[in-house]
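Look at the two complexes coming up: chain A is in both, with chain B in one and chain C in the other.
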Partner chain A sequence: MRGGRDTRLLLYLPLAAAAAAPFFLSDYFQHMAVQIAIWSLVYTAWALMGRFRLTSLGHGAFLGVGAYVPTLLWNNYGVTPWLGIPLAMALAIALALIVGYPSSRQKVVGHYFALVTLALGQVVLLVIVAMRDVTGGSLGMTPHTVGHSWYALQLPNKAEFYAVALVAWLAGLVAWRYVERGMIRLALESIAEDEDAAESAGVDVLREKLKITAVSSGLTALGGALYAQYLMYLSPDAMSGVGISLQIVFAAIAGGMYNMLGPTIGAAFTILLTEGLRVLFGTHFVGAANTIYGALLVIFIIFMPRGIVGLAERILARPRVPPAPAAPEPAE
Partner chain B sequence: MLSVKGVSKSFDGFLAVNRVSFDVASGEILGLIGPNGSGKSTIFNLIAGTLRPSGGSIAFEGREIAGLPAHRICRMGLARTFQIPRPFRRLALRENVTLAAFYGGRDVGSRAEAEAHAVAALDLVGLPNDPHTMIDGLGAAQLKKLELARALATRPRLLLADESLGGLDHAEMERAADMLGRIRRDLGITIVWVEHIMGVLMRVVDRVIVLDHGETIFQGVPRDAANDARVAEVYLGRSH
Partner chain C sequence: MDIYLLEAIINGLLLGGVLALLSLGLNLIFGVIDVVWICYAEVVMAAMYAVFWLYTFYGWPLLLACAAAIVFATVLGLLVHIVVIEPILGSAPINQLLATGGVLFFLQSLATLLFGTDFRNLGIRLPVLELGGIFISFSRLIAFGIALVGAVGLFLFLSRTYLGTAVRAIAQDREVMGLMGVNERRIYVLTSAIGSGLAGLAACLLVLQYDVHPFIGLTFGPITFMVCVLGGLGNMIGGFIAAFIISQIIAVGGYYFPIEAAEVLAFVFFIVLILIRPQGILGK
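So, the complex of A and B:
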């Protein structure tokens, strides 16, 4: 976003091409593409908070609500996901605000905020497991299948589902852009640095925090809903809890949480890496793939806190800085 | 304009401010002085809403503001600066001020309007008003000007300026003192000025309040303060 129109085109054209390519590729690549699009949305949603030092380790909670609520409504009451998903998003937002309001009010920030959210993710997982009569507990559940149906949002044709996932992903990017260009970015940056000073400058810290929390949790629930509709199988461990919550954090950081496309790059990178390692190792060296994956993430977080996009920005910016011997700035 | 009555604040049993009362008249510059730890900054934090008073009442233009959140007090027209500048380093210089104009001002409907107020405030204090200058690279004097610009961009009727001169050289202090005088004269803003360097302050303020150990020990015109025995003992005596 720092570059001019030319660099922006240079970035967006290949991106648009990459986004369109899966329509012409095989089922296997479409399967990859759907997953990347859905997780890109989730990681983007997380980074909307993460970039402002609102480090949530509990976004699995919203993913879980998004996944289970529409399916439960469909299976038990025949409610279409087109209604169930907005309801799930509203419920996730409500849950986020119920936790976010007292946390912000009591100025729970930094590590303590992370711990509160960590607990939240786990609570949702435990609730799903405990309600095993309706959710199937740890064994998971499947939505009642009706074959191909837009009404039930059951699209065995991967290209169709990919189109849906792309729209959702774009919605995430639109939200990012809205924040990036709006006054809310200034407010949230100021809050991230110094809450008291932000308050004294007239920023309603509580209100602005809750706003971004609502957007982030709602979009995460949307991602969870699509993920469940796509897989047609829900399990507590895959949809919520600490594991998923941390996966969200790691991937968003690996991609770069300060850039609109960072979380998307993070999704593509982690999913392709997992898949590549799986193909490479197959059934030999069981656990090697996961070990390499884990080690890479540790390296990323320690040496590249701004992620892949941050590194790319640094490399791209380097040759352009020296050949600009501009006139010295006039003194104040 | 501002009426502070019997305001106290204790931190874990330590009484930082003990039943302090004073009034600020519209249009005046009131100096609030005292040695380090006398409670000046705490009183500022209580008035501006950064801290909640343990007791007493604070009325701004007739409305009780004690215990209100800081952003509401700011929006009512009461702005403050911090003793140690607290800029937002991840925002550009002008964004720092635009933020305050947008959120802290009243009747600011659009970002463009906020930018205009920000540019005016930056011009007034003598900082660059372009959108690109960043915070890193600004000197101590400029950061203090930024504090002032951020407060002024909210277009307050009352300005609480907290020890805005500490760390400046003599010429810079004189210029800053003149600036406060100009703000009162040209913008009609009432000012409460906290300072521990007495000399420069005495030249500009109409009235002065001297604090020691959280209590008021003197209220009056600067000339009398200089001759007051208790002031000389607790304040001037120590600095000589």
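So, the complex of A and C:
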């Protein structure tokens, strides 16, 4: 028991140090850290569904709702984001359930689930573009700025925003832990394995699926809202649609979607990679980062579907545990 | 009937031909290999660039450029299958879908890297036909005709040739056909070649009507998936019908509403229908 706690401390202390470090670093690093924290939340939210084979290609829909609803409310009615964000989360959850309920009832899984969610992401993108009178269409929009204001959640001071993002990120991890420790994980794992068998064993398939869908979509909307508040600029392609939806999926997979910190590592990895390549190649090679990124993703999925964390676990486990005799591979 | 509405319907019909062609290739690959190529529209995009460069930059005759683009798409598709799909044929189908999603990013970004984000077109102005006050784009008419020819050709190949029979047999029962001595891997390679060749053909038709840019795949890729799923993934006849339903919704919807609203309508129709009938309109 004590040994377990010690190793956990060994893991969490550096993590806490890394999370706290940006407070003492320059604006540039704080900017990186804010992005990593926000996207970590979004990727964690996606992985909450993805790890149970609910592979959504439409999380951009929730991101878009989260980003646009608070900004529209603020710009048009002066509603504070402190109200707008919960409202946007509720709307995203409602949207997720409207699609999630019948698709769970009809047992829409696998490819079909992926493609239905992809269509959902596209619907939100097109709605944002179509409502160009209020959203600015493809050109994007900016929230009305009021300078530094907690009421408007406009914090030009990066350290302050980082604190906010950090809290949101921790909320994502808490949700993960709740799922990890609860009956819901066992229920959803059995559903992922064999839905009919799970049902006949007394698992309320519909309820469990909708629960995780609600948590995942709500947290994604929170991430979208924070991202918009941080950037102070919203555009449909950056906040919604197929491109961003796939980016969410891949970063989560690259980090490792079966581990609490996997999506966070995926966020750090992808953002630092993009930034590193930008510094290396300059802006002349727009697309260089994403080209390498795309190739890496293919390699990840072929050779290490459990992501960076999965690889690390395998390497760390090797010296202690001899190769297990034909242990059944967990669902991937 | 309002003449503009009639025009919208006819243009929708013509758009349906191209959508049908796009969905054929994707459906063939899905039906046989059980893989959804999320990057299918990006293969089309790459082939569109091939036509564009060969025609405008190297001055090839258009037909020759198109033929070369079809070969290019076929080779690209074979690469996707051999490099990306084959190593993970044994893993969960969703992994294969996601791996082709990586290919999507790769092709899209590579195109951005090589060609920038400019919109490019062939600069060919085909005449517009007028029939009793209705204007029909000639390029769309050609596209429609060739799409139909392509569909019939594929149908004849599948129903009349030995290889085509093997392809259909694999689609029906993967395991048994292996036991019967059919080499699945070869059939898979052949299917990928034909499917991506059709993508190349579609590219030749699309490049006549639309500007090519690195992100064009994201605009009609989702519509192609929608058509395939609506028809029942892997069901080619269903996909064919669905292509015309979707194109009519977009065309006629576009007559009454702004075009994005029409597309929203099509996607919402799709989501609703799929939640009522997950097996597609012709599924059992």
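Definition applied: the second predicted complex is superposed on the first by the 313 of 332 C-alpha atoms of A that agree within 3 Å, B and C clash if a C-alpha of one lies under 4 Å from a C-alpha of the other, contacts with A are read in each partner's own complex, and residues count from 1 in each chain.
Heads up, the rule we're going with is that a residue touches a chain if its C-beta (ideal position, glycine included) is under 8 Å from a C-beta of that chain, and two chains touch if they have at least 3 such contacts.
Model, not experiment: these values are computed from the prediction.
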First, second, both or neither for A:147, with chain B first and chain C second: neither
Which superposed partner A:194 touches (first chain B, second chain C, both, neither): first
Chain B versus chain C, judged by how many residues of chain A each one touches: C
Chain B versus chain C as contact partner of A:203, first or second or both or neither: first
Chain B versus chain C as contact partner of A:78, first or second or both or neither: neither
Touched partner set for A:183, first chain B, second chain C, both or neither: first
Which of chain B and chain C A:242 touches, first, second, both or neither: second
Overlap of chain C and chain B interfaces on chain A (superposed complexes): 332
List of chain B residues in touch with chain A within their complex: 48-50, 69-71, 74-75, 79-80, 82, 86, 88-91, 95-96, 98-100, 102-105, 111, 114, 126-128, 142, 150, 154
Chain C-touching residues of chain A, taken from the complex the two chains share: 53, 55, 57, 99, 102-103, 106-108, 110-112, 114-116, 118-120, 122-123, 126-127, 129-130, 241-243, 246-247, 249-250, 253, 285-291, 293-298, 300-302, 305, 331-332
Chain A partner contacts - residues on chain C that touch it in the complex: 30, 36, 38, 83-84, 87-88, 91-95, 97-99, 101-113, 116-117, 214-215, 218, 221-222, 225-226, 229, 233, 258, 260-261, 263-264, 267-268, 270-271, 274-276, 278
Chain A - residues contacting chain B, complex: 183, 186-187, 189-190, 192-194, 196-205, 332
